[in-house]
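Next up: the structures, one after another.
The two complexes that follow have chain A in common; it is paired with chain B in the first and with chain C in the second.
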Partner chain A sequence: MATKVTTPGKKSLETTAEISKAIKAYYGGVKVAKEEGKPIIWSYGLTPREIFHALDAHVIYLEHLPLMVGAKQLSGHYIQVAEEEGFSRDVCAFHRCFLGCAVASERDPYLDQFFVDPDIIIATNLPCMSESKSFLYAADYHNVPYYFIDAPINTWGQDIPDYAIEYYTGQLKGALDFMSEHGLGTVDWDKLKEAVSLSKKLILLWNEIDKCRQAVPTPMGTVDGLTAAYPLIQLPGTQLGVTLFERLLKELKGKVERGEGIIDDEKLRLLWFGVPPFYNMGLLNYVEKYGAVVVKSMIEYIAGGAYDPSIMNPDKPLESLAYKALVDIVNPTSENMVNFIRRTVKDFHIDGVVGVVKRSCGLLPGYMRPVKDAVYEDSGVPTTIFDLDGLDIREYDDATSKANLDSFIEALLASKRR
Partner chain B sequence: MITAGIDVGSLATKVVLLNENQLMSHEVSGTGVDATEAVKKAMDTALEKAGISFKDIESLVSTGAGKKKVPFESAQATEIICDTKGVSHVYPGVNGVIDIGAENCRVIKCDQEGNIIDFALNDKCASGTGIFLDAMAKALRVKPEEMGELSLQATQDIEVTSMCSVFAESEVVSMIHRMVPKNDILKGIHRSIASRICGQANRILLEGQLVVMGGIAQNLGLITILKELMGSELIVPDEPEVIGALGAALLAGEGEKKK
Partner chain C sequence: MTTMERIMGIFDDPEQIVRDLKAKGKKVIGYRCLYVPEEIIHAAGMLPYSTFGTPEPITKADSYFQPCACEFVRNIFDLGLDGKFDFLDGLVLSNTCDAVRHLKNMWTTYIGSVPCYMLNNPQKMYDESAFKFYRHELEGFKKTMEDLSGNKISDASLRKSIDLYDETRRLLKELNELRKRDVPPISGAEALRISMASILMPKEETNALLLQLIDEVKTREIKDADGPRIMVTGSIIDNPTLIELVEDMGGVVVADDLCTSMKYFWYQTKPNEDPMDAIVRFNLERSVCACMHPSEERYDFLQEVIGGFAVDGIIYFNVKYCHPFVYESATFRKKLEEETPVLALEVDHSLSGLGQLKTRVQAFIEML
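Coming up: the complex of A and B.
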């Protein structure tokens, strides 16, 4: 009998269990909408989701789908399906996975619960150009209309110039018109303004949640944090997202007041940089035997969560969404990402950074060296970097991953004892 | 205080016994398919050489890929910690360690006091490790221990480009068919490994005076090229394969890792 080396992550919060239910309910709703003949959109989590909520559109986010499939350890199967379709192993594992889901002749019962074919595809190049190609293939395969939102690469840092905002606003307007032309009705601008207002509220709550997490001991680790980030990915612009974050904040505040950490004796605080192994989130709990906690993960911010919410102006909804998207830390400019990690290390009292390289990613591995050097120079905090594909379980090497973590943590503990 | 360090590698098991941090005995033997049995045998031999019995050992630390197979009650430590400890005990003040074992290659940067600053492990690929060399030795029909000397007799530089041990083996076989002299191929293989190790070392900005340990450090051909590529002063201990076990035994003496 084969020995299973992977384990699911251990969550410790009541609200994240509630958020998990909300995820299932969301996708259940998409399935029902399809059965009722409503148009279904496939898009990506960095397309401003508020525009979809303003149209009451039902959307499957094609970076979230692989995460869910990955958590059930099914990603390897669908990645294989995409490879059999002719996609190279160099294509991003996330894209191979969702393409495998898209073209599979048979789907397992788990995926089948929420998978629906698209009626429209809204693609983008943020954070990576390869995504637009994968979406184009899916559009051809399903023979559905395809719209591409072109995001300018951020070379400006935090101050996005007006012409870039104007350009991206035009792209969003085009997407709205395109969706209207394809059966999603006309845009209710008041609703869009309300969505931006709720989105702003969501991020303000997230910032407060982050403040709680900075407490020592931390009341929430990354296993919970990744589920907790779901409203950031799919629910910005909704009351549900705000309500879930309000509950989470209340739960965390209670824990901070009582001094409750996720482990009894917190000795080390780690930051995870790169994609964690969604098929083996137990690896993040593995370090707890040393008294170490993965306090924070950079991936939680991928769908927006590191920008200044005061800039969001509901009276200028598309311009606000343009700013939020273009300033995102994964819009390729090393400055924002590196500065964000430096700040996170300080704010969260991080002792060590774990950087994992997904070889099929064209974006994050390039940040590893600059981040490692900047963090060390800034705070004297070390970083370990090793290969770990967070989605393709076939590439996973448990012994090597644990050897890296063991060595890093032992060295950190030895350094703390000095 | 008598302490023991056990390093269970994938090919060799090493035991070191110390009394007040002074060497009493050491033993290196093959791990084989039964690591537990290999540890028992190596320990028995080391005890016999030292003239003591197992109950005389007060503290024991195990390390290596097979550390969980050690049949005695012992604390465990990673190879990174044990390597650094062992090296900085024998060569205080060095800047780092390169440990080339059968399945792993580790590079460690440390400060003058022997504290770890940074490290990098090889990924799951075998290139740059002893297993890779073993595969090449088989393809060339030479004994692994002869590879170093033979490569030093090379008369030309041959490039082995494949990093993957399977592809490299095919490349080597094709060279044999093209009648490329064995010594030249061996030098090319060593250059390929040394280049990979050098890249790994550069990742953590390893430089200065370095100690090369692990069984592969006995391969003079590889060390010669590694010196040339790295431009650093490389020190090879007389018995480079036991440094990890020595470090484990020293850690056992520090009180935190009692039996």
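Coming up: the complex of A and C.
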């Protein structure tokens, strides 16, 4: 019998509380825009968000709704709604949850604060199949126009050929034209350039934030980190995103100078690979009783937090965004993901990797074994792999998850003592 | 021996073809799936060989792929780990789904014996920039095939290969059009076997056999043809057992929408002075996979088949965790059901749990 114990994650930072407020304010703004008759776009976090700033568009990033309802333990309900609509349990739980939110005849008051019907859908196939296919259903259901940005997979590593950049640039241009034709006015190229320039600032700040987090003891764990990553998802290309990261950096620098960690006696540093349990973020704090800290989660980078800022050239905005999307670590099937995890393990002084398999994910489970082997070969750091659906609470077993963590951490501590 | 018997023999032991050709020094290139242009491999003087799976249980692959990856892909990887594809001189994959993308990674990392190539086909049709991008990808692929074979591919040789493959598609289509009759001359299971054998054989041989076969079956009629007319669709079916199950339950499988059968041969290349461009257009102006956009095209194709073959009911066989088709069936089902009943089933590629499937198929057919 599965045990259903859920606790919210414990955050430690002032700026992440501010970021949470910014999330609410953002969606409040989208609601107001809808009431004012402005077109609302549904899209996903891996669509280059900067293109929306060039049109002053109001966008709901659909991966966000499952996260929010997940944190309130409501994801199971919406997942069920999607299943009743005919979606199999094999479909990504994120997308089942989003589809449940999209088609539910009634929404609970919490979701209702954020939910707004779409006027246009802009979809892509990055990082996985689900992105483009679930949006097709939503477009059909809401009977709204749909544009698909095709992202070539990365078979080139870091060296993206010109013809691929040209293709993706053409896709972005197509999306801009499509939005213009559907009531969003003309593209402001100066705004787009400014958005790219602000994105560059954002990633430079994120890199500095990451440097602070490499400190031992770490001033920020992934419970804060997952909220802190929000500007990367929704605010690239905005001054607000930059301002929030500047504040976060200042707070972290102070902590590093004072040698303050998120727990008193940090003994072990963990990296979370896979989807964290959004309905039970407290599981990430659970390990702290052993003196262990989940320093980072790979999901913090899911919306483009791992690229070289020098590729962003405001004078070539669409090309820059194309490059950024094509080298993204979640763009299959290059070695970029595995190499990134290798580097992260070293840079963040990681002692163990926790690989969790969300059964319905088409992307991340395929990386588990290559990551495990590469990290071990590189730094001798072990990986534990177990099932944990971060969104479908019906599949979650708290006791088993904790037992898996207990045995892994005990083994890590024992090998440290040797 | 009848032509039908000969073709069934090839279906039962397709590797015989490979053994014979390899003995003569010919190179063999495995591929998955319809977006890999066999014509380019053929024009380089090699045999394109479709890698189908087996119903064997997965053994080694499960410690690499999590069990939540499509079982067909795990099966192919398992066979690869076991050395069962070691006769191949290369494996070419195309960008269709998450599972195949990972197969490329896993194969390259863990199976050194057979080099693996990923052809980066766009997932968008009728898009000028996609045509351009794909042309670049195909040029790279052509060069790789030339290097692997040691043979240059000229426009003339490529044109010849395209004509040869178009002829196979035309003949298979002609044969399958006979299934539109009130009493079809071949069963659904036979049609799948013929198609899969034709895909595997060198096309020079296929075409000669298909010509004879069409003649041979023209006057034939299958038994027990009074049941409801069924179209089968969904993810890959590379084992006729599923079709046999439907037919054993009283359904008459008159048509399908499978990449191992009708989707393979329904379309022809269009006249084009530039053979590479003909391939570009062939792959990006027909909708044979749920991975492609827009999806209306596939819906229209299903409607064409439903109408043309007087289909009474549709069965979606979705391999578990096959994301493209699982999404597609949910999206199309409601619309299709307005006119034609649909049964959507999740199946294991290894076909375990056949008993339960039987009950559901039987209930569906009785309902029709």
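One rule holds for everything that comes next: the second predicted complex is superposed on the first by the 413 of 418 C-alpha atoms of A that agree within 3 Å, B and C clash if a C-alpha of one lies under 4 Å from a C-alpha of the other, contacts with A are read in each partner's own complex, and residues count from 1 in each chain.
In this text, a residue touches a chain if its C-beta (ideal position, glycine included) is under 8 Å from a C-beta of that chain, and two chains touch if they have at least 3 such contacts.
Computed from a prediction, not measured in an experiment: that's the story for all the values here.
In the superposed model, more residues of chain A are touched by C than by the other of chain B and chain C. In the superposition on chain A, no contact is made by A:Ala25 with either chain B or chain C. Looking at the shared chain after the overlay, A:Ala403 reaches chain B, while chain C stays out of its contact range. Contacts of A:Ala17 after superposition on the shared chain: neither chain B nor chain C is touched. When the shared chain is aligned, chain C comes close enough to touch A:Pro332, but chain B does not.
Judged by the touch definition given at the top, the superposed model places A:Arg418 against chain B, while chain C stays out of reach.
Within the complex, the chain A residues that touch chain B are 382, 384-387, 397, 399-400, 403-404, 406-408, 410-411, 414-415, 418.
By the touch criterion given at the top, residues 63-66, 68-69, 95, 97-99, 101-102, 104-106, 109, 118, 120, 122-124, 127-130, 132-133, 136, 290-291, 293-295, 318, 320-324, 326-331, 333-334, 344, 346 of chain C touch chain A in their complex. Across the complex, chain A meets chain C through its residues 85-88, 90-92, 125, 128-130, 132-134, 136-137, 140, 148, 150, 152-153, 155, 161, 163-164, 166-167, 170-171, 174, 332-333, 335, 357, 359-363, 365-370, 373. Listing the residues of chain B that touch chain A in their complex gives 65, 77-81, 104, 115-121, 123-124, 203.
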